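See the structures that follow.
In the two complexes that follow, chain A is the common piece, with chain B as its partner first and chain C second.
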Partner chain A sequence: MDHHPDLTPGVMAGLSWYYLLASMLNAAAAAYVAYMQIVSEGASTKGLAPRTRKLPNWLMIAFFGLYGLATLLMLGRGALPGGTLVAYWICAAANVLVAIAAGADAAHFAEERSEHAAHAGVSDAAATLDDHIPAHGLGKPMNRTLWTLVWTTAALVFQVMGLTYALGAEFALPKFMRDAVDAVSGPTTFFVGATAAFVLIIKYRRLFANGILAWGLVNAFLMFFGLSMTDFDFRDIVTKPDNVPIVGLIVLVAFFTWLALRRAVINDARMDSGLPNLEQLEPEKTLVWPDLVYTELIAMVVETIVLVVWGIALQAPLEQPASSTVAPNPSKAPWYFLGLQEMLVYFDPWMAGVVLPSMIIVGLMAIPYIDTNKLGNGYYTIKQRMFAYVTFQYGYLVLWVILILLGTFLRGPNWNFFGPYEYWDVHKLIPLNNVNLSDIFWVQLLGTAKPTNILTRELPGIAISLAYFAVIPPLLGKFFFKKYIAESGSMRFYVLAGLLLFMASLPIKMVLRWTINLKYLVAIPEYFFNI
Partner chain B sequence: MANKPMTTAEKLAAARAGAAAKPAESAPASQPAEAEASAPAAHVEAAAAPTPASLGRPLTLAEKLAAARAGGAPKPAAAPAAKAVASSPAAESAPAAPAGPPPDIPTPEKLGRPLTIAEKLAAARMMSGSAPAAGAKPAAKPAAAGAPKAAAAAKPAARELPPLDKISDPKDLAEALRQTAQKKIAESAPPPPAAKAGAKAKDAKPQTVPPKPSKGLLSKLTRRDVTIHIPANLAWVIAGWVAFNAGMTALTVMTVRFLFPNVLAEPPSTVKIGYPTDYEKEDVNERFKAEWGFWVVRSTKVNGVDEIYALQSICTHLGCPPNWLAAEQKFKCPCHGSGFYISGINFEGPAPRPLERFKVTVADDGQIVVDKSQKFQQELGQWSDPDSFIVA
Partner chain C sequence: MAILEKITESQVWKSVFRHPMPTDRRNRTVVVLTNFFLHLHPVSVRKQGIALSYTWCMGGTTFFLFIVEVVTGVLLMFYYRPTLEHAYNDILALRDVTTLGILRELHRWGAHAMVIAVWLHMYRVFLTGSYKPPREFNWVIGVLLLVSTLLLSFTGYLLPWDQLAIWAITVGSNMARATPGVGVEGPGASLLKLNGVSLITSGSDAKFALLGGRSVGEMTLNRFYVLHCVAIPLAATLLIMVHFWRVRKDGGISAPM
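Let's turn to the complex of A and B:
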């Protein structure tokens, strides 16, 4: 589309700086792996030989000196034609310098080490503080040379991409790739994919807790985001002032979830081996004065600055005066309610707007009464609280955060689903002939007309709904919650089962909508009662 | 028990015995009766609290507290004690019978029903006067002198006081005064022995407060006063409530009235939208959507008849205004994706029912009049109403 150019000079300049940042992050990662002492959480350093790796002073001076020079150039770019480009080159040089120095030094350290080992006849296996001391339960120490080189490579790749954009090369994500992504994306694949990813992360959490994999995923996200920004439609949605916080939300939620998961994995492994957990090792005691107060003061100042800059840089998205007869298309709730709005697509308003939100609040309030598991108090753990962890995280991450992302980025005009690179076409036609269960049962299955009596007409749906709440809890209690019932009593269990079923009703209804186009199980519009 | 300080365990046991075994409280009080009545209530001694006599030493603070606690709630226990005494053969002859609760305290047994709260309170008030007598004090004093106060009628057992001129303890002085007063009352009171015993028991009740010999008279007076004054008070109470209710009713009426203002700034609910011939076939006219909130539709898609109807432009799911998409020939809601055919029938998204129609009529001048005050809902079968459409 001509009036929707994928790449403009502004976008390319932005992308070049974006890749510069990505390159800098990877150069820093390479330097960290090459030079620093890496002792993971709770790992013991007792009896290890001191480290010989050291961050060279000249490298730091060179790096910050170059960035300082670039900053000066940027400040004076009005007087210096081409100053921006020169500044960019200087920053890139600093990145490349750090990345390559780190890679070279890592190789050098490895060489020295093996020489020393051969000379002294010491086995290579004897760890020193030069090695990575992994956390208990997170596998073997990483090969520092290898991973320094990997992140060096990543830094160079990002920097080269940044330079190409800085030099004006128009590289956009190939159309066929975008089309492929759009073709496979849809509410079903998105939601089912998110659920599958959730299950995988829980199942292979030891792998995900690993810093290397995590940094790899960060790089993958950086690359995906950078490439996607070359698409007009993606950029248009992501950079809307409304949606910027959601991008930040992805980063924050992902980071803190990962951090908690990592500590939990380490704690679980430690406690399995009879070791004290991390929180016992390093009790979180901080002096109120001055440590806590200073920290809070700094956080407060930074927060204020961020909000002020944000408020100036991104204008509030004001639209036309409100009217009862005109709604923006798409009409979106505030971002934090987009999960609820998505829920409203599958349920009647009183169900998705009143009953289910109330159940969420009641359920959260009931947690202290339902959760009789005394373990996991004051420390991170997944293993000791598997059910609680999985249930809460599924409800929070998948049924709330993921639905916010879906509502923010992938729901377009007429609340249709649009792929990440798809043009938000108001006239996009998605045939959705939704039918009620009564239609499926009486008309399609039995081939008769629907009975006129409301209760008879809706009997299948009513029976299924009642059975859902009457049959499943006893089954759950019999097969999965025996121990819980014995410990906490059947009253607690039935409350828990009821809440669980309400929670499960959302994904179930979503899947039913996608698979058999089911509108309502019980549809009594005559009395405004639809389930 | 051995003559040694009690261990903590013993103290606890003692306290528990005193607190748990309620019958124990009445033990000291009913001892005089039992002495004569061949101990019909012997069982009550089972968990008796320690006394100085049994310990052979003054009570410790803990023991005193336990005893006090045991005596502190004598109400339920007092009745059994009284019963035990009453059922003993010696009860009639023994003047110590009133050792139980004063005779005018209602008990569940007497009333044949559970006590009301007022009765319980009254009983408690009376008992609290005699509580020390029933529990703590007898326990703290030699058992021989046990319950001299509760068994006030058994005057022989009353505390031996020194002669009046040698009294130094104010308590003794008070006791002496009390006894003198009782004597005087007894002398002035009518002679029947039973009544006497009852009266004395009653008089003996307020142990810790000064005796009120005139109480009987006073209560009579009050009762008469009450019978005289109730109507006047009642009238005021009734007047107050009537006024309050009248005020509240007036307030409610005013509030309701407030909901129906004298002047309505709303636009009229009816609008003339032109002649039927102004509207094209199979077309949705959006002219009135922005201001009036409805589409004028002329279509045969509803039942094959070429008719004109006014569809309200509010989604039946959550009230957003849908848009008419001419290319797809459907109304589509931007909020949750509900879709409606040109007929207004819902077919996609979460909307549970079709769009609603407004009343349409043809005026005398041939123009169509849409009346927003009346709606027609398809699911209620109202679309067959002749007011819901015009045959073009």
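Let's turn to the complex of A and C:
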């Protein structure tokens, strides 16, 4: 299916700069771990010996000097043939210099320290500000020597990859690996995988709150993205101007989810030990002028710069003039509605396009009135509001953001599923063998013909649907929400249960589709009433 | 320096700024109280409440992007005519002919960024439990602002009048056809009959009301233009005012209660 080249000179140049950036980020991480004082949120530094290491001035001067020189070369590249390549080498040298200096110094610090300990005749030296002071609840301090060396290695690996492309080596992700990824991807694996990842993150949140694992995941994402960009089809979809914001959305949502998770984990551990949470550490007030107005000014300046650079770098899309006769395939709604469009696979428009979106809006508005838990007001916590936190995050991250990603990047012509490296073939055929519950019940189970009366025919589905809303809430109330009903009243509980059932209807319908190929629970196309 | 002093001592300057430079505590208080724009703020806030790792700055970012959208939007209206004859060509000219032609880019990317910023703002408000009493109602206003943002973005999507635009709106507005009771292909609509004549037809249902026609056409462009440039921005502005006012009245910006 190779209609287009995976690698072009432009792509390779882009990738070489991309890996240069990845290398720079890791060199900075290595320098940060090697030289900086790392005292996490809310940790105390009382009683610690002063620190002895600091970021060497020569290293900073060398780094910024080399990058400055490279910038000059880039600006004058019209007059200097080969200026771009030389500039690239200079930047790469700066990255490698920082990475190696940080790694070597970290090893040196460790050596000094063990010598000092041997002289002092103790098993390990007293803690100083050179040690990592972890936040309360986030486990032991990290081994700074080890992690400096790890990020140094990462910086070198990324830089070598960047130089490989700069020198013109045509390395693309091997075909068999791409085919393997495409082969295992599908709506089922994608959605189930996202749900599983969500459960793991909540369950092992202490581990995820750790900066080391988080930075490792950032590197894994950088590597995955860089390698994937060597595939034409992947690149074609990701770099569509209107899809670029979604790449930004992924990065921002991932970062903020991590940040909130980390602060919640720290707060939970602090409150378990009777300490004030992070938000209560500084209860005093500060004047709006200058503290807040300057923050706002800086934010506005930064955001203006981002918008202008974005506007110059990427032209807003403009396709052929509108034609009501030539429908593009796939026809997609704007990206923020693609989660809803994805629901059309499992529900009819009246559900996916009207009822469920209305329920989302009503449900969001109802949150403050059904969440009667007084704890967790004004600070990050998971433990004190586990149910609310997990329900909302599942709804937002998995049922909204993940479905948008699925709808944007993995749904092609005829809304068929395509793997990330798969060519969007208009003629791809997916056999549709979905059946209605009435077929399963009357024909397959009872072996008779379907009744002609509509209500009789659909009785099984109608009964199940009614039971879903009539039987499950009382059961939930009896076994799981007893305390909630006692505290907040049954009115609130039934609203909550109804909203939960609407939310759960999507994953339930998905599972029914994947397992028994169910099309409709109730199918009355005569009145456009299909569930 | 003498000139600077002369300016700040002049009647004109003093008529605008009614106090000396905000360099001491008193004048830092007075500047917030006497300036129309700054008085959205209280004089002092809780330190933790404005810590970036706590508040993420997304509500303010959303408001800033709204202002960017208003300014660039007004400028775009100078160039754009919402008719079948002109719409597409005006956008084309905006790209190819206009000096400093990134106006539409700023508007479009700003709109995308605004949708993301609203989501992140709500995400933060939820995760810090800041919708809890006494801020319940302001969260409801916030949800309405989310809907306004999405509708603004959606109505603006049609205006370039290219293939991307009309088919995205076609996909989106097809949902209206399926609205229970009031859409021609919605459940229950076929039951609404008077003397055997259907009340809900493709010429009188919810989709028709939205599009001003049976399919996306010139009337749709007109309706979406008015919604995009007048109706929804006015509604959003009103909601923003209530939202900000309630932030102040409901105990100030979020912090541990």
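Everything that follows uses one rule, which is that the second predicted complex is superposed on the first by the 512 of 531 C-alpha atoms of A that agree within 3 Å, B and C clash if a C-alpha of one lies under 4 Å from a C-alpha of the other, contacts with A are read in each partner's own complex, and residues count from 1 in each chain.
We take it that a contact is a pair of C-beta atoms (placed from the backbone, for glycine too) under 8 Å apart; a residue touches a chain by one contact, two chains touch by 3 or more.
Keep in mind that this is a model prediction, so the values were computed, not measured.
Within the superposed three-chain model, A:L475 lies out of touch with both chain B and chain C [touch as defined at top]. In the superposition on chain A, A:S323 contacts both chain B and chain C. In the superposed model, A:S331 makes contact with both chain B and chain C.
In the superposition on chain A, A:I305 contacts neither chain B nor chain C.
Residue by residue along chain A, chain B and chain C are tallied for touches, and C comes out ahead.
Touch criterion met: A:W415 reaches chain B, while chain C stays clear of it.
Contacts of A:M491 after superposition: neither chain B nor chain C is touched. Of the two partner chains placed by superposition, chain B and chain C are both touched by A:Q341.
When the two structures are aligned on the shared chain, A:P290 is found in touch with chain C, with no touch to chain B.
Using the contact criterion defined above for the overlaid structures, shared-chain residue A:N434 touches chain B, although it does not reach chain C. Residues 323-324, 326-328, 331, 341, 348-349, 353, 528 of chain A contact both chain B in one complex and chain C in the other.
Residues 323-331, 341, 344-349, 353, 413-416, 426-427, 429, 431-434, 519-520, 523, 525-526, 528, 530 of chain A are the ones touching chain B in the complex. By the touch rule above, chain B contacts chain A in their complex via residues 289-291, 293, 313, 316-318, 320-321, 323, 325, 327-328, 332-337, 339, 347-350, 352-353, 379-380.
Within the complex, the chain C residues that touch chain A are 22, 25, 28-29, 31-32, 38, 41-48, 50, 52-54, 56-57, 60-61, 64-65, 68, 88, 91-92, 95, 102, 104-110, 112-113, 115-116, 119-120, 122-124, 126-133, 135-137, 139-140, 143, 146-147, 150, 153-154, 157, 160-168, 170-172, 174-180, 183, 185-191, 215-217, 254-257.
The touching residues of chain A, when paired with chain C in their complex, are 41, 242, 245, 248-249, 252-253, 256, 259-260, 263-264, 277-293, 295-296, 299-300, 303-304, 307-308, 310-312, 314-324, 326-328, 331-337, 340-341, 348-350, 352-355, 361, 364-365, 367-369, 371, 373-381, 385, 388-389, 392, 396, 524, 527-529.
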